[in-house]
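Chain naming follows the written order as A, B, C and D, and within any one chain the residues start at number 1.
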């Protein structure tokens, strides 16, 4: 029984079958990659996991509880954090403030009216946030205006914002998309480190096979909305069906 | 100090100083000089400065922090005024219970209107709030002002709940259960704080200057300072930070485990209560509540005050409120006679030309000047008056450093 | 040093006090003079509070012209205008009680809040001892209440609602202008004479206080003549297109339409009614007619040719041929080049009446002035013999019934006088049901 | 039944005014993403184009009337328009009579010019600025424009009648089998309705069938993409602003005989037209037109005595009530697209 269990999920958009009978099981404390060509339904699947979309049929269980019908913030409170394809951060806030918001969310739940308490007095949360920034090598940037940072920094900040919440499951949507090689390698190192130092499950959607094969312990290949195969990286590498899905009939 | 950091603390101190010494600062010109027209240190206007300051500070908590532009905030101002008036009519002239009822009533209205309006964002939200305020205005002006008192038309509701066009006023036949119906000399009592009448004032004459210290002003000022202090605390609190993050990226906030809706509603209600407090104070300073307080132009005015001063800044809305009220009350009163007296030193022909050129912009043309100022500020100072102040300060500072540089003959870069 | 409830710049202007000191505030204690803003120097300041922006700005401008003229005449400049025809000869043309008259102006914006703000500024900042002006009943009532509280005399400008001297009457407030009841009482006989007593009337009424009182007044007066009221509909103040209120009139069996509208409302509703052919309509075998209870020449100008032949009432018109009116029209016309409006007339007269009352009382103190105005009878101010009734501070005088002129010779010559309704016909008891419910209270000297 | 038909006619007539104003407003929203609070002022200036033209062509000289005196006892004079001496009295009088329709010719160039100057001189610099700034600057502009008009024309409404030929009413009922005189409708209002239909049709055709219109529509859908294609979209947007100004202006010109123009008529319409645009859906042209007619008709029905007897005051709030109901049931108005003006 995995921490995340997707059973018979179907999703249609008008005439388009975006997801058809998707079954997926992500085991606890593993890195699970979901790959597939464009339009394979990877993002739709991800959106079904975080509450942005509701599947037509099927079930999505996380940690023994259904996530269906829950809003994104409720799902986050269950322990799922999500990193977006293009970094989603609070551009008007400083790096430190960006870090504090998830800390508040973790401590106070989805709503708390701390209207009088000063942010500066939240020493404990600030320590947590600083520690996390240190981990991602961004402590020196903590007072920067986050919108003015490079894309790589924004991505790292977003990752740090997710990690500081100590999620049980971290969802990564193409975390290295548009990154330079060096940045990509840094991200891989970072994720490896995270995996080694924490009890965390990571589900990752990725195009870059270098990233996938450096990190993943299990890989699910999605094509036309259905899982094609699920196996270990070694087995996936040479799998004929995968080649077919990626390169078309010609292969 | 008071849980504020150094910068906020000194800002608060500055505002306290400005407010306490306002009767002096706003009356810089001697009474007998021609410039005395520009003095603004009389009780009514000073009260308006701080009351609209409260209104704008509250509006800024919603608009400045969350970016949600309410175009119907005047509804809460009006509701606050009506609530205070009814308190005066029914129970007595003490201002504290009246203000309490204003805040509570406007808070309830804000919960209802906010709950519905916050289901939409952007301009759709703005129009929803506008629609609610305009409905309140229209009903207060007409249906709610019709006689609800039965055929004899003598009682408490003879002009309905709101008094309509003429506004809700005190009368000698109001019950005022915990106070006197009429004063000893047969007049309607005035609002007071445990016997301290809001309209009482003391004057200080220094040479050709007259400074007026009004009880009503200082009472309003204390409330404004409390409101300002509270707004600083809110700006610097986790709650305030979450509100700013709503403006910045609502999607991220959602995926970070926070529910934006109750935060928005809380901000809306707090801001509505500020407006209600301002409305209650208006009634306490001047016991009358008219429906035009809820008209869309009144809502527009607070939007303009906030933008003019600087959206999202702590002090900006107060400055914006002051600027607009100053124009409305001082510039509008300058008539051609006064102009002629100013320029009397010029030769006759030239005097007429100068007066003719200035006349369209003052007195009855004060709206024109206001419009031009709106345009100039937003074109040249996108951050409002606060940005203007910052630029000025930066200029002074640069000049200073330039001076020191020259002094130490550092090589130019 | 002085202390009290309101600023008195007048005091301080002259008596420059050296040295500083702070007095403990004392409340409701009378100052030496005993009333608010007592003028002590060689001048006295009056406050002219008129709409300078908003829809009634032109009317306000005309009021201001009249006040400036009145100040001239009071100070002995110009040709003296109505001072020469006024039955009371107390005024000498040397200011008021020998003090030169100065004035300050404010913009009411036709909003009660703004009007009170500008009135307060005139009282607190400029030391005005009397406030006058205004072009709507809402403003008049609001400012009147303020003046009562502050201990200042308020001489109302153009305000026609019954409530100004009815439900909302105040001891410190005085109205020269006529009111809804008088309009109804003056109009009804003329309407009956011209249109017959068997008529069915349909009212369109502006949905606010003035509209209600006017509808009530016209309805009860016409019904007393035998007319039947077949419908009354309230229209929003902000309405600009009245078509959807006019078409139901076509469906009803009414043969008279009464437009209880003023200002822009009246201009538009009348224009719309004429567009819909109501004037060419035959209903119940009779010619369909339109009535506008309160006329103003400025509004008639806005409605253009549509006013032709339509009955209404007005407080005063420049074509009146009595000596007072002629003198006023002459000095106003000479100074400004066109004849004055009824708003200008009432404001001019109010300013003079106030000055005269002060002169007769020998004091600026509101209670003394009020006493002098109370039950004061005068003549020579354009409306024949007039009484300032003490019970409600309302002037009783002749009322003009007018109709839109068929062939105007100029843009000012839009109305012609049909009848001067004698004062007896428009007089009512102070406790008349349309006015009951308010208390004058006692006069307030403030300070 | 006839009452209902009449109210529908009223509604269509009101609706056509709402739709015309909202059309220009939503064009500017859609193409430029600008919240234009000065749009009502453009409508007002249009109406004053009619006032100005009728004043210009009736510029007069004074002719003494023998034997008569004016109110001050001086020699009385009569105004005789100069145009009489050019075209003769009959033709001259006809030209003055037709001032309102004629002023369309004046309004089109004037309004386009004002629109273009506004866009190039002011609005252009505010595309990237927050909506709040746009509101402040256009509101300031609106105040300035109306104060200028007030300075020259005063605050009173100015009667601007339709030509003699359109005075009176058309017996609409007789045409469709009702008793004569039951359903009559003023000619000028029918003209206004037809005029509005033509203008709305023309704008739609222009956007639908011309290359220019296609680019603009593409620009409304996605400003950046079209910019990348190398099309000079900015220039076209300037022209769109001129067009929107012209539509508002023409709406104002033809409206002048219905309600006498005054300097604040634009502000009176401003809030209403925003409600119309939003109810229709931001940036949706058909939505604006549909909402205009819908609100016009509902407003007309709400002003009926039968309705008011049951729900007093409904006529005061109907527009806003409908707006609330529609926005709560349809998040982006009747025909709005997702993501427009939601931040």
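Quick notes
Here, a residue touches a chain if its C-beta (ideal position, glycine included) is under 8 Å from a C-beta of that chain, and two chains touch if they have at least 3 such contacts.
This structure is a prediction, so every number in the text was calculated from the model and none was measured.
The central chain of the assembly on a C-alpha centroid basis is B. Chain centres here are Cα averages; for chain C and chain D they lie 35 Å apart. Computed centre separation for the pair chain A/chain B is 47 angstrom, with centres defined by C-alpha atoms. In this assembly, the C-alpha centroid of chain A lies 53 Å from the C-alpha centroid of chain D.
Mean C-alpha positions place chain B and chain C at a centre distance of 32 Å. Shared interface positions of chain C, defined as residues touching 2 or more other chains, are 53, 57, 207, 234, 236, 238. The residues of chain D that reach two or more other chains are 312-313, 316, listed in rising order.
Taken as a contact graph, with one node per protein chain and an edge wherever two chains touch, the assembly fits none of the named shapes, being neither a line, a ring, a star nor a complete graph. Checking each pair of chains for touch leaves A-B, B-C, B-D, C-D. Against chain C, the residues of chain D that register as touching in their complex are 2-3, 6-7, 9-11, 13-14, 17, 68, 70-72, 76, 78, 150, 154-161, 167-169, 181-182, 184-186, 188-189, 257-260, 262, 264-265, 268-269, 299-301, 303-305, 308, 312-313, 315-316. For chain D in complex with chain B, the touching residues are 35, 122, 125, 129-133, 135-137, 139-144, 147-148, 151, 267, 271, 274-275, 278-279, 282, 312-313, 316-317, 320-321, 323-324, 327-328, 331-333, 341-343. Those residues of chain C whose C-beta lies close enough to touch chain B in the complex are 1-7, 9, 12-13, 16-25, 27-28, 52-53, 57, 61, 104-107, 111-114, 116-118, 120-122, 124-125, 136-138, 141-142, 145-146, 148-150, 161, 163, 167-168, 207-210, 212, 234, 236-238, 433, 436-439, 441-442, 444. Of all residues in chain C, only 53-59, 207, 231, 233-236, 238, 240-241, 243-245, 247-248, 250-251, 264, 267-268, 271-272, 275-277, 280-281, 298-299, 301-306, 318-319, 329-330, 333-334, 339, 409-410, 412 touch chain D in the complex they form. Within the complex, the chain B residues that touch chain A are 3-5, 230, 233-234, 236-242, 244-245, 247-249, 251-259, 262-263, 266, 270.
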